[in-house]
Each structure stands twice: as structure tokens, then as C-alpha cells.
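These are the structures in question, set out in turn.
Both complexes below contain subunit A, partnered by subunit B and then by subunit C.
Presenting the complex of A and B:
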């Protein structure tokens, strides 16, 4: 493609979604990816030639039905995975199981068991009421056009009428507060509170007490409206998206790194590659994180000072590490039947435990007792590892990007600390380890060109959400640079394997006239 | 039942109760205020707890008090004189200090001494904060609209709110939302880089809260504390001559000048309900006093869980009241000093001793103090807001001697095992030790220290869990959510029953606004003339 209509920088899943939509709309799309294959953080990784790990996302929700239908993903091999439960591990083997609409466990009281389904239903309803917001560009708050007014009107209707008066009051009450207070009011069991709070904070530099964690939880729940979580890695989704985009005519070049976005007179007209090659296009769309996009690829001299300042101050230092263990056999978990190993496991015995793990990260320190989210992907698909061997994939929360003293010296110690902690729940684990890989937020930054090594390309705090994501002036996917757009997780509605930023960006581009 | 022919009974002679009572009396109602303590004022008091010294033993500075109310109730004539505080400062651990002066030139020079860029940035910072102050102040003396209502009044109020916002430019609207939802640390880091300057301007946002400087929502609390004014000087803090007791004293005097009555040593144990309306109150003595209007100045949790019968209120409301977040986080030391302590870090005759003095010079130290509170411990390295008001108010201490007030974050509602006198004293010692690090003769000059934790605040003043705001200032408990959704317009669940304390909008601090707003609603319901003031225009 000599001169495409559109260049998309980065073939992470949002970039692929955007590419597929624009290609289907008739545009000539060229996607440039610096890595060896598409998928970005969702791309699978191979350890030791034989162990195929999911990317950074090891628990996923089904993709939005609209995207699935519009991009014909089923035709390209996409199917939601088998639903899993969440098991909150207990040091004495008295685990708690959370299924779609019920909970069970020896330590639970009747009151909590009864309260749970209603509570979940309430919060799913809250998440659902936000769907006009998630599925559209975030509305401007002044000088809004018809579309934005429509989004706000539908949102208002959903909240006022859809939820009903009492539910609306409750929603307005809790929307901006912390998950700690909500769970404290609702449940007695510390174990249950801890397990539920994990989903509100995993991936964020927030503890359960941090205001804004109800909102991050609602964002998670929004994904659950599409269906139950599964251990499907992003691989299947990425493959389907890649094929869908290519099927519609998009061209994807891997091993191609963009060095600069070409801008003249505040208008983007193409990109410069690492090897010096210039590729011109009518539109440039960046799936890279906003700081990389504006500070590195565009450069501050091309931008208004206050805008450049706001971008530079975007908060987004990653806090999750990923530990991959290649195992020579199936591990045992005390108190868990081998058939139960297909589920997701949490080490977060209480909210206080989570808060204690979170506190040190504020000061550039590592937790003594980390919060862990564990899966064994090989139990769903034994082709991922050699015969009889297994994979353990672990998210380790609250590892500071800016570790005091640096990661180089402390990485191995931390990995072993996590493994020792895992051994408490899975005796004999150490002896099964064939190999391991440990990605710190710094590693994630380097490997995926994501500033700060943040999953979501920027914190999902309230002040960096909606019409302020990544910052006002660039919150509706277009940017102060004419013909330059954003389509990644750094834009609304943020991270997770949703494809929504990519789709909303494509819609916006088409709304603005496409490549004319 | 005593029939003194009262039209209204106010429960609690704290400053909002007295304000509320004064406006009702001014409108011609026969009003009785009943107070459990032997003295009125609640947390707005001056008390001689050490012979010869007067302590403002709870609230200690005055600034948020609405000038509109000051004028409407003629408080100047009734004895309230506010002296502006002109400085604040923070001691640094390396022996230096940072001072913030009112005079802009001196202020700038001092900022430049620490960081040139910050000295430049403060211009933008001051302008931005002032803009938000002015915007917010317009809402203090107004009843919040109810989002669940279809009444014209509420629709008009929402329209009014929107109109105020739309006077801002689009960028300013986003900046305001960001300000409202960011942490004070992040907000200030948009302007400043010097760690002490950051810490100095952050302290005000954690006062009285269960939040830390890195917690979203704390930037708003800074606003809450900055938006007062003294003599039209926005953001200035002031000191009431004679201590905070002169605020409640002036309010009481004003109230009585309209024919109002105050009874002390009269604790209310029950609000009496008959049919579906209020009929009066019952005191601890058993005496019952009749009135068709009863206004509770007690916090919302206490009101609905202690002095109202569960059968008189909807179960949903009772549940909300039980869950009302009102965790105290503050402690206080009131200290009698044998002379003026020396602070070697300060130059001789520095005016900075006249204003606020702080000892926490970095954000991580402030945040670690909060981490302790989350685990139900008092902060090992506390944040102290310290003043020695006797330097310009001779009524507080004998000649040559001094009175020091120290407000402390953080102090738990209950440490593990509960409060005992020994633990209280250990908490006090932590504070004394910290001050002594910066003043070598401090301990020798210390004659008496009253040490207060949330326990003392609850027992003495009736502030549940020792929360100084009568309820946390988080989004779930602000504006139309304060104290509970559906009950944010001062009316209780029963006809004739109202709330007027800081548990209602606009919240805590010695403002008087909740009392005034509540009076407006009561007078409207009774179809009496509205004696409450409208907010001053800023132009």
C-alpha cells in the first residue's frame, strides 16, 4: 500500500478493531506494528519453546456482541470460553467460591449468602445504565453537538428512569466512592470482601479505600454484562480480529516501528519509520499510549503548551507484574479438587490485606504479602504445554514501576517471594517449576512501548475518565493535531480487552467524514 | 408536658443550632434551645480548663463563618471580633522552614528561596483556587436540589447550578471536575515541585477526613477550607477574639435579643412523635416539652439512631443512618505554656509564629500518617496544625504566658482494645515529642495539656465517633447526598422534624450555613417571612 488512507500505529487489539471497522467502511488501512505479531499486551508468549502463555490478560470477558457481529468474529474462529468461578484461597483450606450469582464457603454466614445475588444484580444494573457512555464517544460538557446531547439524554434516562428512583439515589450515592465502604456496609465476611475488592483494584494504583474504586469495579462489571469470565487468552480474539481486518482489506506490517508522526501546520500527514522510510496517509491513528503519542511521536513543539503539560502529567505508572511458571506436572492446591483447578484463584484474604499490599507501592516499595490472581490455562487446553506439563499464570498486584533501588537487582527476589507465597497454598509447587518468566511494570513498558508499563495506558481515576481521558482536548479520539486520532486504552473507556476505544474511535472518524 | 408555648425546639446549642434558632426567633417564633452540657456552644467553645487559661478546646479558627450570617444576625454588635491570621508555615526536618505570607511580595520572595518555578506557579495556582472558591461559595447558602424529585423548585435549582457552571469556559468546567475528583497531591503536583511546598499546601485537605493526601477527593476538601473569607479576603483564616466561645456567645446573645431561650443541662433523650407529626421532646430528667417544630442539631447518626424511636422512622432511613460514615480521625491538644517557646529554625522576631505552624515537610510523611489511621493507630508521625493565639489575644492567658492549640491528624475512633487514659496520654506524648523536636524549651514551658481524642469529642460534645464535620465529606455524603439521598433538604421523615447541623449541606466547619439553610426551609414550611440572608454576590 503506497499511500493508504489511514495509518494505524500499533496492532494491539484496539488498533485491530479500529482497522477492521475502517476497512469495512471502505478505507485503505495500513497497520504498523513494532512487535513480531499482532496483539500487543494480549498476544500470547512462548517460554522455553514449549510453554504457551496467555499475554498479560489471563482472564477475559466475551467481547461486546456489537463488535462480534459487526466484525464477523465468529467466522474467524472467535467463541467465548468456558465460564469459570473465582476461588478466594484461604490459608487453612477453607476457600470461598464465587460463581455467577451465588457464593459458597465454610466461613460464610447466611446473611452474606443471601445478600450476594441482590447486591450483584444491583451493581450489574448500575454498570448497564452506563452503556450509552461506554459505547459512544464521551460527551463534551459544553458546545456539545446532537450526538453528545443524545448520549447524555440516554444516560440520564437510564439512570433516572431505567434504574428507578431508589436505585438512582443509591447509584448517585456510591458512584464516586470507594469499594471498601460499600463492601463494609453490605457484607460481614472479610474473606468475601477481600475477594470482591480485588476486581476493583487489580491493574490500578488504588487500594480498596481509594475513592474511585466503585467506578473501576463498575467498568469491570460492564465487561461481565457480555458474559461470564473465562480463561480464554486474548489469542483467539486477536487472531479473529487480525483476520477480520485483513479480510476487509487492511494491511498489517509487523516488525515495523514508527519513530515519528509527521506533522506540518498542525496537521498530520504520515509517519516516519525507524529505518527512515516515510509513509504518507490522509489520517494517522495512534493505538500507542497518549504520552508516547504526544510526547515522543508528535513532540511537544507541535503542541499547545498547556495541552503538552497536561499530557506530561497523565498518571499512569503500572503496578502489576506477571509471573509465568512452566510446571512439570499438575500442582496441588490444598482443599481444591483437581477438577476445580480450571478456575481463577485469588490470594486476598481481606480488604485490610489488600490495603497493606497497596500501601508500600505509594512509596516505591514492594509488598511483603502480595495480592495474587492465579490461573492454570493448561487445564482448559492441554496443547499449551507438553504432555502432562502445565502453566501457571499469576498477576502480582502493587509492584511499583518506580521501585526504590530499581528492579534489576530485586526482580529475582520478588519472583521467589511470590513463589514462596504460592507454595503456602500449593505445597510442592517449587519442585514442579521447569522455568519461569517475571515481567515487572518496567519490563512491560519496554516490551510493549507503553509508558509506565500500565495495562490501561493511564490510571482509570475519575479525573482521567470519560470526557477527560486522556485529557480534555483529545477526549473524543480526535486531537489538537488535525487528522491525528487516538484509538487505544488511553482513551475512553479505558483498558481491558473490550475493543471499545477502537470501535468508538472508528465511529468518530467516520462521523468526521473518514479519509476525505 | 411543659407547655411554654414554644413554636420550635432546637436540640443542641452548637453554632448551627444557635444560628438556626436565631433566624427562627427573628422571624417571630418562640424558640427554645436545649443543650445537654452546662454551657452552650458545642464544639465552638472557650473553656477555662487550666486556671487562668482559656482554651478553644475543639474548633479553634474562624473563617468559614458566613459573612452574610454575621451581618444578618448583627454578630459584631453581639461581641464577635475576628482577627485575620496572616501566615502559615512548615518546619523542615533539615532545620529550615517554609513560610506562606499574606503580602504577595514577601510570599513570592519566600517561595523563590525554595523554588523559582514554584514561585511563578503560585500565581496560576492562586487564580485557579480563587475561581473554584467563588464558584462553590455561591452554593453554600442554598438548599441542594433533589435529583429524585419532579418539583419545579428542584428543577429550578438544578437549572441554577447548571447556569453557574456554564459561566465557566469548557476547559474550566473540566478543570473544575478534575479539581473535585483529584487527590490534593496530584492536584498540587500540577503546579509545584518542591516537596515542602507540596506538603505545606496539602495539610488543609486532610483535616477531619478519613482520607490521605493521595486519596481522590481531597483537593475538594482544601477548597472547603479555603473558601472562607475574613473581611472579604477569600481564603484567609481568622481568629475569634476570646476564643471560639465568642462565636457561640455572639450567636446566643443575638438569639436572645430576638426573644429566644436557652436551657442548659437539658439533654434530649427522645423526639416525641404523635400520629405522623412531631409533638415535642423528652429530656433525660423525664420532663417533656411540647412544640410543633423540632430541629435536631445533633449529627444524623445520633438523631436517627439515638433520639428517635425506630418505629417513627422508615426502616430504609434507619439503615442509612446506621451506615452513615462519621469516623473521627482527629485529635487535639490544648496547652498552657509558661512563656513563649523558642523555635530556633525561625529568625528572631519572625512573624511566622503568629500563624499556623506545621511540622510535616513531605507528602510521603503525610500519607504514612494516614496509613496508621487505616489500621486504627494514632499516627506515629502526626500532622499538627499548631497556633499560639495568645500572642495577639490577651484574654487567653495570663500576661507573659501563652496558650497553644494543636490540631492533630490522625487519631483513630478507637485503637485496638479501645481508648484508655494511658493510651490517650501516649497519643498526646507523640505530639508533644514532635513539637519538642523543633522547640528545645517547649517541654519545660508546658504547664498543662488537655489531650483530646475522638472519645473525648464524642463524650463531651456528642459528636458521634468524634468526627468534627458531623459526617465525612465524601461524594456519597455531599450536596444532595448529605446526610442521605432523599433527605438532603433539612426535612426529616416526620412532619415538623428538621435537621440543622453540619450533617446537612454544606457540611462541617464553623460556617453557620447549615443552620441558616435549615431555617429557610422551616420558615418556608411555616409560611413565615424568610429572615435568612441570600449569598453575597462577589461582584
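Presenting the complex of A and C:
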């Protein structure tokens, strides 16, 4: 492949999905990845050669059935993982368990237990009603095309007819408000409220009281429509996608960093690699985040001023750190049976606690009592660690990207703070630690080439969603630069291991005539 | 530039020439321009007008927005900013430029001075600092406001060359239109450019505010029959329309002050297509302008000679007498030197072309009684007034 039809920058899962679709459509696809392997944020991280951590994606939902079928992922070893529960940890061991359609726990009242299944059903229906929007390119409101009209018509139908009148009113009421109000209206248990609110704010610079946190939660629930969460790492998905893309003829070059997108006459015609090599192609598709794509790889001088300014202002400073602990044995959690260690654990005892943890991050400070999401991937797959050893993977919410005084000095302090917090729920944990790795948002930025170090390549706030994602002028995957497209999480419908931005982008590219 | 935090106590500033101007003012007819107090009329409108056309008019230009743009990417930055191909601009030369937003709508126009390698001055009608800074992302460039740090004087009219020479400024003989020279006046440095907004022979003088009054005195101290007069904005309005110069924000809405869809204007629509170079490489608004250039023209800011001698004022323009309304007059004057009603009008095209027969319908008063009249309009493509002596080098001596 001397001159491919398409260059895709970045072999993250969206880049791979896009590559597989386009290759299947008969295009010559070359994927350029700066890392050693494919997968981006979902690729495993190996510590000390022996400990295989799941990268940034330690809890996953099944990929959409459409992508699974279209790209024949089962043939390449993909299978959804075993469903897990969420356990909200209590310092006194009175934990709360959230299963698919029920909740249990000593501190729960009957009213909450009764209300939960109906509440969950309703919100899954809300998430489902948004599926026409998520599964298509966001409609243009000006100069609307047929497909845009169809998307909006299906969305309207889903909301009005699909939900029914009462439910529609409720949906319209809550769609733009905060999760704090919704959960306060519905449940009494602070423990339950805290546990549910985590999924609305984890990954975003938002506390439970931030407007728009119902929407972020719906986006998360949208993933659950495909099936229950599991500890299945992204690795298996990434491997299946890689093979599917290669099987269809795509060529993937790792350890190949793109330095520049070549643009002439407002048209992309290839890329320049770090070693100076030029690779030309008919289309360039960027799976890098929009700020990296436009501000660094294309460069503001090649863009119009207002567009360049909007890109520069995309809100996308990451707020989640990742702590990886290599353990010499299986840790104990007070009040948890060893067989229960395969679940997901949360340290978020109430919404008040979460809001307090969020507040300092707004001022460039770290929380004293962080919100944590903990998994033990080795309980799911013991091949990930040496015999008898285990892995603990912890998402630490609300760590500021711009920490006052910088991260260099305070990184170790923060890691210890998290470990001390964990020790409260898992006494003896410290003595099991063999090795560790702590990734701050700054580290995530550097390790994954994502400006801001944000999971989703940009906040999933309302002003950066749908036809505003990443910003207008580039919200339909095509960009102001001809022959340059976006296919990553910075595009609609956003982050998560959904593959939808990659699929929607591929559809859009083919619709616009492919590489012709 | 330092702005005192007490600046708000004096919302209307005074230029370094103000005291001299005030001493000459017989009308006390002042207005503000960019928050400076400036005369509309100093003495008498007709005197000031004829000073430009047959003598020498001196106008205080200090309030004009002036920006210093420097740094190793200054040229690349400006090339991305403006629609015109400026690759021929050299140190000591000036060019007229226009800049647009992403949609290819005019933000402002102005003159771009290359003072030396990597150093430019951009003069604009409206405040541009935010746009200039926003445009700077990705360029190694410094942008400073120098509006308040440079005293500027326009010296315009057929005798201006003789007046400045007599005032002790040597070295103007070889200065061609759009040229810049660093000269001296009575031992003080003064930068002179052969530029102006009058359509006549003329110069613009740029100096340190401390040298403003001595410079003024040197010019007004010139003895002889040169007909030197201080000029206000009203006379400028007359001569700029005669010269066919447009004024963004007055003749059409500038892009950054437009709220309603379709109320802003592209360079093509205001007759500035000649400063748009679509093939020079990327510049802001290029894509939109390229697309527009491929479509039939929608409208055009058009120079009109309106028949008759009734004052036209505000008026609609029609395709044929009693025909379809196709536009409106934006500014109009009676030109004493051409003995004609001149106007600039925003006119809709029909099938990409200006309608053939244009008529203005307007209301006017005769002894306080309103009447309605129709007048035939003739579209012009060239400036209404463009005398040969404007561009002669060296200029004629008086």
C-alpha cells in the first residue's frame, strides 16, 4: 500500500472501528498508531512485565450488536463478559449492592427497594429514546438533509410515542437538570444516592449538582442497553477490532507517530510522521482528540479564526486519575465475601460526599476524601497477574488537570492518600502492594496523546454534545479542512467503549463518497 | 501602552492636537471618534471641503485604531488575517486590506503599513484588538495597540506637497503613492506616508505625541497662498464618497456587530472583490468566499449618480420607476466639484446582475413641506472623482 485511500490517525477503538468499516467497504486503509500496540486508552498497561492492567477501561459494557455483527467480532474472539454488581462500600461494612434490577443492603428502606426497579426501567427507556440520535450523525439544524430529518423524526417518535405522554413529560423535565435533584426526589438512602450519582459524574468535571448530569448518566445508561457491565477489559474488544480491521485489509502501523496533517488549499492530502516521512492519502481521519487534531496536527493558521478559537476553547481537562496496584495476594474487604471481589466497588457514601470531593478540583486542589471506583481485574482473569498475585485498578475522581503547584511534587502524596482511603475498607492492603503506577490527568494526556487528559476527549456537557460536539463546523465528522474527518470520542456521541463515533464517522465518510 | 485605572473619569479623550484644533474652532461643532473629541466642522464646511479639493486640509487622525504587529510570523499572520495577497508588500510600503470572519463577512477594512522587516502597522476604523488576538493562535507574533501612542495627522489636497515641503519636511519628491518615509520636521522625526481617505494628493504624518504641536505649528506656520485649513469629519464624509471609499459600519454592517442573519456583507457584496485573492493560500473566510464567488452575485454596494439636484437623503432604490424595490441608499452627498448627487447604495442583484434601470424614490422638504420624488440613478464602477494630480510623482509645486 504505497498510497492508501485513507489514513486513520490513532488505533484507539474508534479508529479501529472506523478502519474496519471502511476496509470492509473496499477502501485501502492505513492506521497509524503512536503507541506500541492498538487500543489507545483501552489497551492494557503492563507493569513490571507481569501485571496486565486494563488501561483506562476497567469496567466495560458490551459493544453495540450492530458493530459486533457488522465487523464479525465474534469470529475474532469477542464475547461480552460476565455481569457484575456494583457494591457501594460502607466504612462499617454495611455495604449496598446494586444488581441489574434490584438493590439490597442493611441500611436500605423498603420504599427505596421498591422504587428502584421502576426508576431504572424508566431511565433505561429514556436512554433508549435517544438511540436515533446516538446511532447517527448529529443532525444539522441549518440546511438539514433527508437523513437529518429522519434522525429528528425518529427521535421525536421515540420520545413522544415510545415513552408515552407521562413519561415524555418526565423526560423533558429531567433531561437538562442535575442528578442530585432527581435522586433526592426518588430515594431516601444517601448511600444509594451516592452510588448512583457516581455514574453520572465519573469522568466529567461535574458534581451531582452540576446541571446536565442527568444527560451524562443517560449516556452511560445507553451503554447498558447492550448488556450488563463486566470486568471484561477493553483488550479483548481491541484485539477483535484489530483483527477484524486487518482481516478486511486494513494495515496498522504501531510505533508510528503523526507529527502533522498535511494541508494544502484547505484540503488534507496526507500526514507527516515524526521521522519526517510523508504519507499521502485521499482522506485523513483523525481519532485524536479535536484539540490535538486541529490545534497541533493541522495548526490554527490553516483554519479560520473563529473555528480555531472554538476548538481551543473546548472544555476537556481530565479529572480522573488511575491508580494501579500490583498485589502479592488477594486483598480482603471488610464485609465482602472473597467470591464477591469480582464486582465493582465504589467509595461514594453520599452525594454530599461526592460534591465535597468535586469542589476542590474547581480550584486546582485535590480532594481529601476522593471518590473511588475499584475493581480487581485478576479475579476475573487470573492470567493477568503471576500466580497468587492480584491487580487492583482504581479510578480516582476529581483530580484537577491544573493542580496548584503542579503534579510532580504532589503525585506521591495523592497516591498515598488514595491508598490510605482504600485501607479503611480493605485493611492490610498496604502490606500486599508489590508495585504501583499512578496516572494523573497530566500523565493520561502524555501517555495517550489526548490534550487535557480527558477520557472522553472533551466534556460531555450539553454545550459540547450532539450537533455541538466537538463544536459546530465539525460536528458531522467532516471538518472545515476538506478530506479531513474526525472519528474519535471528541465527536458525537462521545466517549466510552461504544465504537459509535468510529462507526458514525465511517458511515458519514461513505455517504460523502468515500475516497472518490 | 498604559491605561490609568482612572481613565473612566474622562470618558472623552483629547488628542495631542486638540488644543491647536480648539483654538481654530469657530463652530465648536464637536463629536467623538473612538472616544476622542474631534471636530465635525472646524470653521465652515465648504471652506474645509474646498481646502481638500483645491488647497490643503489638515485633519487629526489620532483616534484611528492603530495596531503594531511584529514578530517572526508577522507576515504569515497578516496573510492569514486579510483577504488580499500581500506578498508584494515591502518595508516602506502601504497596502489597503480587508479582513473577514469565518463566514467570509467583512469585519473591517484598513491600511497595512510595513514599517520594517517583521514590523507592521494596521490602521482600522473599528476596534480590532480582540479579533487580532484571537487570530494570533499558532503564530509567533506580538500585537500591541498603539492608537494612543502615535499622533497622526492627515494633510490632504493639491497643495499639501508644497505645504509640507515649506514646513521643512524634505524628501517628499520621490515618495510615491502608498510609500512611507521616515523624515524630519524641525529636527523631530516624523514618518510620512503618501496615503489618505480623500481621493486627492495627500499625506499622513505619524509622530510622537510630544512632537504633535510643533508639527502642527510648522504646517500652520507656512506662509503663502496654499489655502491651509483644519478639517472636520463632515468634509471628510463628502470627499471620501467622491473618491468612492466605503466606510464599514456605516455603509454596511460589520460582521462582528451583526446580529440578524444576512445583515452582514462579504467583500464581493461591498465592491471589494478586487482585494480578495482566493488562490493565495489559506486566509480566514476563504472557503466561504470561494463558495460565494462561484454563485451568482446576490447584491452589491454600488456607486450611484442620482439625477437632479434635490437632496436625496434616505431613499429606497427600485428597478425601474415604480418598479420592484431592490435596495436602499446608505450615504449620499451633493458633490460641489462634480455638481451631482452622489450615493452609495446596497442593491440586490437580479440573476446575478445589477438591475438595468435604477430609480430612487425619496422624500425631501421644500420650505418645510414634504414632497416625494423619483430620480434616475446611474451606477458607476470607477471613483466619482479621481484627479490625475493625485498620483503624480513628484507632485506639482504651488
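Throughout what follows, the second predicted complex is superposed on the first by the 516 of 516 C-alpha atoms of A that agree within 3 Å, B and C clash if a C-alpha of one lies under 4 Å from a C-alpha of the other, contacts with A are read in each partner's own complex, and residues count from 1 in each chain.
Operating definition for what follows: a residue touches a chain if its C-beta (ideal position, glycine included) is under 8 Å from a C-beta of that chain, and two chains touch if they have at least 3 such contacts.
These numbers come from a predicted model, not from an experiment.
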Look at A:295 in the shared chain and tell me whether it touches subunit B only, subunit C only, both, or neither; answer first, second, both or neither. second
Going by the contact rule set out at the top, does A:266 touch subunit B (first), subunit C (second), both, or neither? second
Which superposed partner A:468 touches (first subunit B, second subunit C, both, neither): first
Once chain A of both complexes is superposed, is A:307 in touch with subunit B (first), subunit C (second), both, or neither? second
Check the residue A:335 against both partner chains and state whether it touches subunit B (first), subunit C (second), both, or neither. neither
Of subunit B and subunit C, which one touches more residues of subunit A? B
The intersection of the subunit A residues contacting subunit B with those contacting subunit C is 473
Subunit A contacts subunit C in the complex at 263, 265-266, 295, 299-309, 312, 473, 480
Mind pulling up the subunit C residues that touch subunit A in the complex? 76-77, 80, 101-102, 131, 134-135, 137-139, 281-282, 284-287
Contact set on subunit A toward subunit B in their complex: 140-143, 160, 165-166, 168-170, 172-177, 181, 185, 209-212, 313, 315, 352, 355, 359, 362-363, 461-463, 467-468, 472-473
Can you name the residues of subunit B that touch subunit A in the complex? 147-148, 166, 169-171, 173-174, 177-178, 181-182, 186, 189-190, 211, 214-217, 316, 323, 325, 364, 367-368, 371, 374-375, 474-476, 480-481, 485-486
